[in-house]
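First subunit A sits with subunit B, and in the next complex the same chain sits with subunit C.
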Partner chain A sequence: MANKQDEKGTNNPGLNTPLLDELEDGPWPSFVSDLKQWSETKPQVAQLLNQLEESYENRWNYWTGTVLNVSGYGGGVIARLSDKADKYPDLAEFHTIRVIPPPGFVYSTERLRNLADICERHGAGILQLHGLTGDALALGFDNESTFEAAEELMANGWDLGGSGAALRSLQCCVGQARCEMACFDTMKTTRGLTNHYIDFLHRPEFMYKFKIKISGCANDCANAMIGSDMPIIGTWRGPMQIDQQKVAEYIDEKGVEHVIDNVITRCPTRCLSLKGKELVVDDENCVRCMHCINVMHKALLPGKDRGVTICLGAKRTLKIGDTMSSVIVPFLKLETEEDFENLTDLIDRVWEFWNDNGMDHERIGEFIARVGLGTFLEGCGLEPDPRMVQSTRTSPYINFEELAPGRFEGESEQQPKVWNREPESSEAAG
Partner chain B sequence: MAIEVGGKLIEVDEEGFLVDRADWSEEVSEAIANRDGIELKDEHVGLIDYFRDYYEEHEVHPTMHVLVQRLGKMIGDRFHEHKQYEKFLYMLFPRDPVSELCKLAGLPKPLPSEHDG
Partner chain C sequence: MSATKLAPRDQGAPDYIKCLHPAMVKNYGKWVEHERIRPGVLVYTAENGDKLYTVRAGSPRTMSPTTVRKICDIADRYCDGFLRFSMRTNVEFSLTKEEDIEPLIEAIKTELGFPIGGTGASISNIAHTQGWLHCNLPATDAAGAVKALMDDLIEEFENENFPNRVKISTSCCQINCGRHSDIAIIVQHHHAPRINHNNMQICELPKVVAICPAAAIRPSVVNGNPTVEVVDEKCMYCGACHGQCPSMEIRDADTDTLSIWVGGKGANTRGGPSLMKLAVWGLPNNPPRWPEVSEAVRTILNAYREGAQDWERVGEWIERIGWQRFFEKTGFTFTKYHIEDGPNAMWTYNRSTHVRI
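Moving on to the complex of A and B:
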C-alpha cells in the first residue's frame, strides 16, 4: 500500500481531495482511484470529485432535484442540478439515467460495450450496475444529452424506467439457474413481472415508490426482506429432503460434536434432533430458515412441494421507523401460467387498495400500520392467517378464537375482541 | 419573456408558465400549446377544463395519481386497465402531462417531486 500512498493526489493537478484520498487506503477497490483515473479523460469527473470533497468537508449535499422527462416516459431520469454550478460549471446539470437491465442480469460483452459507449459519448461515462436499485445507472448527462442518450439507448434496444413514484426495477437472486437451493424460478418471475408491469416502470402514478424483490429461498440473497415493499421468497411445504446416508458421512467426517454445535442447537425452533447417526426433523415446527440446509448442503435439501411466501412492508425510516416485511400470503405455488396470474392478480388487488386509500408519500408498510392489517386484508380480499405476525414468532396481528387461551365459565369475553373465522358468527356479532 | 395573443402581450416565465394567472383565456392556452408544439383537440381542452375546475375547488393541481384514479375508472374495473388511461395521457402530452396541463391551464408550475432517488 506504500506505493499508493505516494501517488495520492498527484494524478490530476486540478484535484484537491484529501478526505476522499482516505478512501483509497486498504486492499479494496476504490471508486476514488477509478474516478481519478477517469478524470483525465472527462473534465467533469474532476469537478465531481472536488464537489464531493467539499460535501465531505462541510457535511452538506450540494445537489438539488428537478424534473426532466424523456418523451413518453414519466420515469427513467433522475434530474439533478448542482448548487455549486458557478464553481463547477460542468456539474450545472448532472442527470442520471436508469436503464432496465436485461432479463437474467447477464450481458454479452458486446451489449455491455454498447451501453458503455453510449454513456461515454453523451455523459460522464460513469456506470453503476446492479446496486440495491436493481437497474443500471448511467451518470452525468445534461438536459440536451439526456434526450440524445435516451434516443440512442432506445434505438439500441435498451429501455429506461424505474424512478419516481413508480414500480422500481425488479431485483432477484441468481435462482435456479445457478443455485440448488432456489425453490422457484426467480429469474423467470422477474422477467414475467417486468414485462407484465412495464407500464408501471415507465410512468409513475403511485403514492410513493413500490419495490418488488425476489429471492429463491430464505437465505434471501436479494435482500428482499429488508429492502423491498413486496418480497417474494421461495419456500416449501411438507418435510425437507434428507439423505440419511450423507448425514452419516457428514457426522463421520466432522464428528458428532460439530454437528450438535453447528446444526442441532442452532435451529431457531429446536426442531432437529439426532438419533444415532440419523437426523430427525419435527416438520411441524420447522420454519424453513435454511440454516441446517446451508451447513449440511449435501445431505439436506428443501422439500419437493415448493412455492413462494409473499410478504409486504419493508422500508427505511420515513413516517414510521425502519420496518421489515411481514407475511401476507404464507404459501403460493408459482410454476404454471395460472399460478403467475394468481400472483399478478394479488399484486393488482394490493396496489388498488393502497392506491385508492394511501396518502401522499406513504409506503405500503406505513399504510398497513395506519389502517391496520385487518382492514387491509378486507380491502384486498385476503383471508387472515395466524402466520401473519407482527414480529418474528411472537404476536400475530390478529387473535383467533380457536387459538386463544380457554376461558372459565362466566369469564367475560377477551378484549380486544378476537377474530372469529366463521363469517356467519362474525356477522351476527357485529 | 412574453407571448403575443390577439395583439396583447402576456408575460410568461422561461418555460411558458403564466406569471399572472388572471391572464388566462382559451386563446392564451392555445398560444402556449403552439409554443410547445401541441395541437389542441377536444380531449386536450376537456382536460384543461378539468384542471382549472379541480384547482378552483382544491387549490392544488391534480396529480397523475388523481387522474388515473378518478378518470381511469371510466375505462374499466380492473386496476391494470386504469393504467391504460395514463398511457393515453402520455399520448396527448408526451412530456410530463401534469406539468404541461398546469401550464396550459394557467396554473402554477408543479413543484419537483421528491419521489425519485
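Moving on to the complex of A and C:
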C-alpha cells in the first residue's frame, strides 16, 4: 500500500478526476483506482468517472431513469440516461442489468468468470457484488447491448432479476451449506421459491414491490426482518440441544460471573438459570432468539425439530413511517414437498388479498397497517394466534360481529348499513 | 422484431450445488460447530470431523472484470475454484488445507489489496447504495462515502474490538435503501420540491398527488397546462414525489445535509429487531471524503466501545444508559428535532418518572 501514491492515474489521457483521485489514498480498496485502470480497456468508464467527478464537484447527480425491457420481461434492467450525454456520449444510454445470483451468493470461479466475460463483452463490464436488492449488478450497457448481453446471459444459464412492482430477487444466508445454526435449507427454499414464482419476478403485476428474504436462524444474516416484506426465519420446536459437558467446560474457562452476565441475564424471557455448572432452561418460555447459542455455540445448538417462522411487512420509512415485520405463521415445517406447498399456498393467499385490496404503491406492511392485522388474517383465511401480537388491544371501540344486535328488517340490504333506531324512551331522548 | 432465436426465458436462480465448495456439498446440513481462529478467519467443523476454513475479505463492491478475475484466480489456487460473497459485500474464500490459510491471506492482500476481517465484534463492510455512480435520485455518493469511511475504520474491520458487531449503512436519499443499521448515514433535504412545470407531461399526475404521505400535493394548472402545486407548510421534504416524478426536484446541492442515525438492528437476538433513531443532524455533504461524517461516526463508536457491556449492540447500549447519557458521552446536542413528530410520536416520549438525575 505504501506506493499507492505512485500507482495513481493511468495512461488514459481523457481522465480528469482530481476529487476522485483523493479516494485512491487510504488503506481500504479503492473502486476509483480499479475503475481508472479499467478505463484503459473500456473508454466509457473514463467518461463515467469524469461524470462522477462532476457530481463530486457540484454535489449534483446526472442520471435520469427510464424504462427498458428485454423481450418477454417486464423488469430486470435499470435504465439510465446521462444528462451530460453531449459531453459524455458513451453515457447517453448506460444501463444496469440485474442478474439473479446463485442463492447465498455462492459461485464457482467458472460461473463468475462467465458472468464477467459476458458483461465485459457487451458493456462497460463493471460488476457490483452484490446490490442490496439481492442481485448481481452489471453496469454500462446501451439499449442494443442490453439486449445482446441479456441473450448471452440467458444462453449461459443466467436469468434477469426483479425490478418495479414485482417479486424481487430472493436473498438468503449461507445456511446449511456452511453453518451449524441453520434450521432449514435456505438455499433450496430460495431457489425453489424463485423458480416457482419466476413469472411474478419477471413481469410486474403487484401493487408494489415484494421482497422475500430467508435466514436460517433468528440471527437473520440475510437482514430479512427489517429488509423484506416476507422474512422466512429458521426456528425449532421443543428444547434446544445442550451438551452439559461443554457448558461446564465453558464455565470453567470463562468463569461463572461471565456466564451470568453474558448468557443468563441476557435471555429476553429470563428462562435460563444455572444449577452448579448445569444450564437449566425453561423450555416453554424460550423464544429462540439465538443469543445463548451465539455465546456458548459449542455447547448449545438449535433443537432437532426444526422449521420456520414467517413474518410479513417490513419496509423502510416512506411513506407511513417504518413498518417492521410481524409474525404471520409462528411455526411451519419446511422439509418435504408438501411443506413447500404449504408455504406457496400461504404466499398465494397473501398476494391475492393484498393485490385485490391494496392501493397503488402500497407495500404489504402499509396495507396491513391500513386494514388491520385482524382483517388481513381473515382476508387471507388465516387463524389469529396470540403469538402474532405483543399484546392484545388497548382501544375498547370494537365492532364485535357476534354481539351486535340485529338491524331492522330490510336494513341488511342497505349499503352501507345505516343505524337509525329511535331511543326507547322519551326520557332518554330528552 | 428480428427472427433471431431467443435464449431460454425464466430459468430462475442458478443451481447453487454447482457453486458450492466440495466440502460444503459433502457436509451440507451436517456442520456442528464453528470457531473464529482470529479476526476474519473461521473454521467450521462437520459431524464427521471435516474442517472448512473461511477467510473473509472486504471488497469495494464495485469491481472491474480484472478485479473479479483476480478473485477467481485466488479461489482457483486455494479454494478448489469456489467462493462466496457475504450480505455485506465481503468475499469469502473457503479452503480445507489449514496450511494454505497464510498463503491465501498473503495473496488476497498483495494481489487484491483487500483487508481481512469483518467477523465477530468488528465493523463489517458498509451496506450501501448506488449513489452518483448510477442512481437517478441521489443527493450524495455511496461508494465514495463508504471508501472514505472505511479508510478511517479499517482497523475496526480487521479487529474484533467492540462489545458486539457494528453494522453501518449509508443512503443517498430519503428513501433510505441502506436500511436500518447500528449506525446509518442518510441525506436530508430542507425545502419543498421545485417543480419543473414545463416537464410535467412525463409524469402521471394522479400518482404524484397520491404518493405524497403528507397530502401536500394538489393538482394545479400553470400556463394552461396541467401540473401540481406543493403546500409548503405540509411538505416534510421526504422526496417521495421525486421518485415518482423527476420533475419534482427535491435535491439541493446548496442545502442538503447528512444525518446520523443509531440503534437499528435486524437480528432477533435478545430484545429483537429495533429501528434506528436520530443522533446527529446537519452535517455537511462534503465530498470527496466527508470528514465531518467520519468524525461523528468515530465519536459514537468510541462512546459505544467505552460504555457498552459485552454483547450489547449500539441500540441496546443506548436503551440501557438512556438518551441523556448518550448525548453526554458523545457530546452531541439534543434538540427539539430529535423528538418524534410522526404517527407514533407519543410512544417515544418518556411516559414514566424514570429519570436519571
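FYI, the second predicted complex is superposed on the first by the 358 of 430 C-alpha atoms of A that agree within 3 Å, B and C clash if a C-alpha of one lies under 4 Å from a C-alpha of the other, contacts with A are read in each partner's own complex, and residues count from 1 in each chain.
The working rule: a contact is a pair of C-beta atoms (placed from the backbone, for glycine too) under 8 Å apart; a residue touches a chain by one contact, two chains touch by 3 or more.
For clarity, every value in this text was computed on a predicted model and none was experimentally measured.
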Partner chain in contact with A:283 - subunit B first, subunit C second, else both or neither: neither
Which superposed partner A:335 touches (first subunit B, second subunit C, both, neither): neither
Touched partner set for A:71, first subunit B, second subunit C, both or neither: both
Residues of subunit A touched, compared between subunit B and subunit C (which is higher): C
Which superposed partner A:144 touches (first subunit B, second subunit C, both, neither): neither
Partner chain in contact with A:252 - subunit B first, subunit C second, else both or neither: neither
First, second, both or neither for A:116, with subunit B first and subunit C second: second
Partner chain(s) touched by A:205 [first = subunit B, second = subunit C, both, neither]: first
Shared subunit A contacts, counted only where both subunit B and subunit C touch the same residue: 65, 71-73, 78, 199, 361
Subunit C-facing residues of subunit A, complex: 1, 19-20, 22-23, 25-32, 34-35, 37-38, 41, 45, 48, 52, 55-56, 58-65, 71-73, 78, 80, 94, 96, 100-113, 115-117, 119-120, 125-132, 139, 150-155, 157-159, 170-171, 173-174, 176-180, 182, 185, 187, 190-191, 194-195, 198-199, 202, 218-227, 233, 261-262, 266, 268, 288-291, 294-295, 297-298, 301, 316-322, 324-325, 359-361
Subunit B to subunit A touching residues, read off their complex: 64-65, 67-69, 78-80, 83, 86-87, 90, 94-96, 99, 110, 112-117
Complex interface listing, subunit C residues touching subunit A: 1, 4, 6-16, 18-20, 24, 28-29, 31-35, 44, 52, 54, 58-69, 71-73, 75-76, 81-87, 89, 91, 94, 112-115, 127-130, 132-141, 143-144, 147-148, 150-152, 154, 174-180, 207, 210-213, 238, 240, 244, 246, 251, 253, 256, 264-273, 275, 285, 287-289, 309-311, 342-344
Sites on subunit A touched by subunit B in the complex: 65-67, 69-75, 78-79, 163-166, 199-200, 203-209, 348-349, 351-352, 355-356, 361
